[in-house]
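Common to both upcoming complexes is subunit A, partnered first by subunit B, then by subunit C.
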Partner chain A sequence: MRRIASRTVYTVIVLVLSSIAVFYAIRLSGGDALAARLPASATAEQREAFRELIGLNDAIYVQYFDYVGRLVTGDLGNSLTNNASISAMLVEHGRNSLILGVASFFLVFAIGVPLGILASVRRNTWTDGGIMSFSVAAMAVPNFWLALLGVWLFASTLRLLPSAGCCSPRQLVLPAVVLAMEGIALTVRMTRSAMLENLSQDFVRTLRAGGLSELRIVGKHVFRNALVPVISLAGLRIGQIVGYALVVETIFGWPGLGQVLVNAVLRRDYPVAQFFSLVLITVVVLSNWLADIGYTLANPRLRRT
Partner chain B sequence: MPEVASDSTAISAAGAGPILSMRGLRTSVSTRDGAVDVVRGVSLDLYPNEVLCLVGESGCGKTITALSIMRLLPTPPVRVRDGQILFRDRDLLGLSDREMRKVRSEEISMIFQDPLTSLDPVFSIGSVMTEVIKTHRDVSRSVAHQMSVDILDAVGIPDPHRRINSYPHELSGGMRQRVMIGMALVLDPEILVADEPTTALDVTVQAQILEQLLEEQRERQMSMLLITHDLAIVASVADRVAVMYAGEIVEEAPVHELFEDPKHPYTQGLLRALPHASIKRDVLVPIPGRVPPPQMMPPGCYFAPRCPDAIELCWDGHPEHFDRDGRTYRCFNSQPFHQR
Partner chain C sequence: MTPWKRTLERMRRNKLLLFGTLLGAVVLGAGILGPEISGVNYTAQNFQNVHLPPGSEGHLLGTDGLGRDLAVRMFVGIRISLLVAAGVTLLALVAGIILGMIAGYLRGKTDRVIGGVVDFVWGFPLILVAVLFAGGFGEGLFPVILAVGLVNTAAIARVVRGEVLGLSEREFVEAARAGGYSRTRIMARHILPNILAPALVLASYYVAVAVIAEAALAFIGLGAQPPLPSLGQMVGDGRNFLRVNHWESTVPGIAIVLLVLSVSLIGDGLRDVFDPRLRHEAKGVAEK
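And then the complex of A and B:
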């Protein structure tokens, strides 16, 4: 319990610090925030007046506290470029991202863990070799390249799946698989090595001496022990998915948070960019926090300390 | 320090045959340069209701012998190459995996050296014990639970109702070994194989665990094969002793005969290397040299290179088991034992 409490405190600290970092980074990145908002014919005075109006001339820390103040009252503000409500954007694009992210996360474990177990049980056979080669390849190929290959093969050549768009199940397949691929590869390796490590532990011999069947020993005891490190890295897999979503959503025209964030940064749309950066950071930090709790629950040695 | 247990009732009643009988057991390890024997034709009998100690230096093949009986060798690379292990007229080596699983812990149980790593860390001790019971007996969960509580109580775990829900890391080393003993005995096996059960424990706890093991052995009238390198333990618990060197049994004797009149020079060396309360000695005498690696065994007696009494013959011929004057040992040139 104490461990969970201390992780929670760290989580809050990380969130506060990263909100400050995001806020400064976006404002220090140069570019004109108003280019897209005011017509090109606007005079220098008009631009200056508008900057003053929306508070861009205040010191950055003043702007920060203003922003946080409004954030905690639930006022997310509007886009600088088209005045769209950020909360409406959050609901719409957040839903799309959630669909894609959850699908990928599911694939990472639904494919990665069984493949890892299979490789460990059939270690040093062709099955193992094939799975491990696949995993090396999946880690080595960058996701944007994999995305293009996927589009070429399944959309243009075989015409099995749509190349882009949102949000039918058929449209979901390619982006979800591409997004999950590296996570699958890493999970396969993690699972395999954790299984092998635990298979050679002394307790396995004790269970054999107890007359348990090999299926029970491997399927229950070794698997549960191997799950501890795999679960503990589940949070990292979420972080990976969130990060890669920026690329994959853009390539597949999937209107999620990643796509919104990329566009906002390109247009220096401060309120949108900083809010959605914060959203993504929060997702990553919270998933790490959840993984920590999961790790604590999966590992009795940490449960009561 | 070691006082030979005076009440040890040598071998069991005349006429009773052995309960477990190893015949010419050969176990080998495959290496890059081919298979190398680490157990070289061990023949050994375990009689009902006796404590047989298997002693020898580390690496002499004691543990491999024990694991061969249980068929728990890490195969590959280690496997039984030849021989028989007869238990109730069945050769354990010929059983199917399924039949062997039934033998394990129901008829022959084994406990191991390090009780910390030998218990599954992510399950409570009760859940593993219940699982073992339910694997062998068609009983309900609550009956299995009660059996577990009872056996934990019997092997000296205080407050077993609460302790049964503990995880291994929550118990001390001694408690963990008691749990191991309980788990091994819960199905009332006829044979317990104990591989250095106290080596990883504090000295004070060692005596308690040994006492517990002996108590269970007497109460259940089971046979125990105790593997140890510690002659003090041998002196206090054994009925009979088999001394192992380089994968072979070199001497076999009832415990008091072995301590009073060791025949094989290796046994004599072991006794000289032992602190002794009744004989004042300035120095302990180590056995010179090391056990040769298994692929470089000398052609004659394996102990010849380290033996103070080796003669020409010892370098040429390999001594078989001799039965002389009621004693069994492998030596061409046994000399009377002197404390030096």
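And then the complex of A and C:
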């Protein structure tokens, strides 16, 4: 329990520090220099407002608390490129990202775990070899290239799926699969090695000697033990999905948080970039915290300390 | 046999390493010599010859939408990928070894502070860090190298710290301490040589990570800026012409895969030769 408490304190500290880091990073480059780099579409008032926002008047810590205060009250300001309200963007794009993220998170385990089990049960056969080669290949191919191959094959050539857009189920298939691919590969490997480790344990020999059917041994006893490390590290997969979403959403024109952040950075829309940086950082830090807790709960030795 | 000879012998017999090195040599050779041998200017445009397929006259791999030679752009792109990878790996190795060694040897408060920062950085998805850096510093190769270098530094520091914790309990370090040598000397002369092999093996993994990250960032427009041809950016440019001439994306895409494959094979091979124990660490890397 102490470990969980200390990780929680650490997580809170990290969140505060990274909000300060993001805040400073935008201001350190100098306000005027930044105002000059605003998008061409920004009006004179917006430029003035931005100068005011990153404040050449107040002390920087005053501005920080100011900003945090506005975050808490939900006054997030507007985009410099299309004047859209940032809080409305959060709701809309957050929902899109959630759909894509949950879909690929589901695929990671729904495909990765069964394949890993199959590979471990059929160890050193062609099935195992095929699954493991697939997992190696899925990790070596960069996901943006996989995305292109998918578009080329399923959209351009076979015309089975749309190549981009949001948010029908058919449009979801390609981005969700591409986003999940590396997670699937890792889950296959982890499941397989966890299964093999458990299959070679003494208790399995005892069960076999006791005359239990192989299906029951694997399905009930080994599987449950092997799943613990896989599930306990699920939090890490969330962080990974957030990272790759930046690329995958941009490729497929999926209007989620990742695409918003990348576009804001490319168009130098600083208020948007600052806020969505904070959002994604928070998601990553919290999912790492979840992974930490899951890992602690799954390992009795850590749980006691 | 001396330990060195034995290591060389094992390297010679390792098939992964052999194949990876051969493949790597071909890709490296193409990157270094390709632009010089072909003598073609990678920015030269020709609007009479756009979207040519491979095998066209004068353009072995065809041309892109501006009539630029794909082969020479791919060679230069490989060069840039390797440059970024080299910069990142050098940064990560030096900073990672120093930080990990200090944290692992001094322990106590120093360890907690360095460890906290390293854990924090390591927990971040690479692409997100790079996008944040691009937001702060603007687009280009520099923020990419810095961001990827930072995350890889954390990864190497974690492993080095663990190794050093174990080493500093060993008799030969104890003996050096008893001999009254300074901490710096013990770290540099007694500990460093023993962590160099695992650190190098790990670094070879992160070369592949760096290549993929640079390509992905260039693809979404945050890496090398035109007219510099980065492989990821070429794949991105070509995707608008998939139906016209898919080779504009396929050629640089294959180059990336070959590059990553050769580096990963070399990494796997080196791991087997130097430190079979690291199999476990490699799993940790993959879990990220």
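Here, the second predicted complex is superposed on the first by the 246 of 305 C-alpha atoms of A that agree within 3 Å, B and C clash if a C-alpha of one lies under 4 Å from a C-alpha of the other, contacts with A are read in each partner's own complex, and residues count from 1 in each chain.
Note that in this section a contact is a pair of C-beta atoms (placed from the backbone, for glycine too) under 8 Å apart; a residue touches a chain by one contact, two chains touch by 3 or more.
Because the structure is predicted, anything quoted here is derived from the model rather than measured.
Contacts of A:140 after superposition on the shared chain: subunit C is touched, whereas subunit B is not.
In the overlay built on the shared chain, the residue A:106 is in contact with neither subunit B nor subunit C. In the superposed model, C is the one of subunit B and subunit C that contacts more residues of subunit A.
When the two complexes are overlaid on their common chain A, residue A:207 makes contact with subunit B while staying clear of subunit C. In the superposed pair of complexes, A:151 makes contact with subunit C only, with no contact to subunit B. Contact with neither subunit B nor subunit C is seen for A:65 once the two complexes are overlaid on the shared chain. In the superposed model, A:240 lies in contact with subunit C only, and not with subunit B. Of the residues of subunit A, not a single one touches subunit B in one of the two structures and subunit C in the other.
Of all residues in subunit A, only 201-203, 205-214, 216, 221, 224-225, 228, 298-301, 304 touch subunit B in the complex they form.
Within the complex formed with subunit A, the subunit C residues making contact are 116, 120, 123-128, 131-132, 134-139, 212, 215-216, 219-222, 232, 235-236, 239, 242-243, 246, 249, 253, 256-257, 260-261, 264, 283, 286-288. Against subunit C, the residues of subunit A that register as touching in their complex are 10, 14, 17, 22, 25-26, 28-29, 37, 139-145, 148, 151-152, 156, 186, 189-190, 193, 233, 236, 239-240, 242-244, 246-247, 250-251, 261-262, 264-266, 273, 277, 280-281, 284-285, 288.
Partner subunit A is touched in their complex by these residues of subunit B: 70, 72, 97, 101-106, 109-110, 112, 114, 117-124, 128, 131-132, 135-136, 167, 169-170, 180, 183-184.
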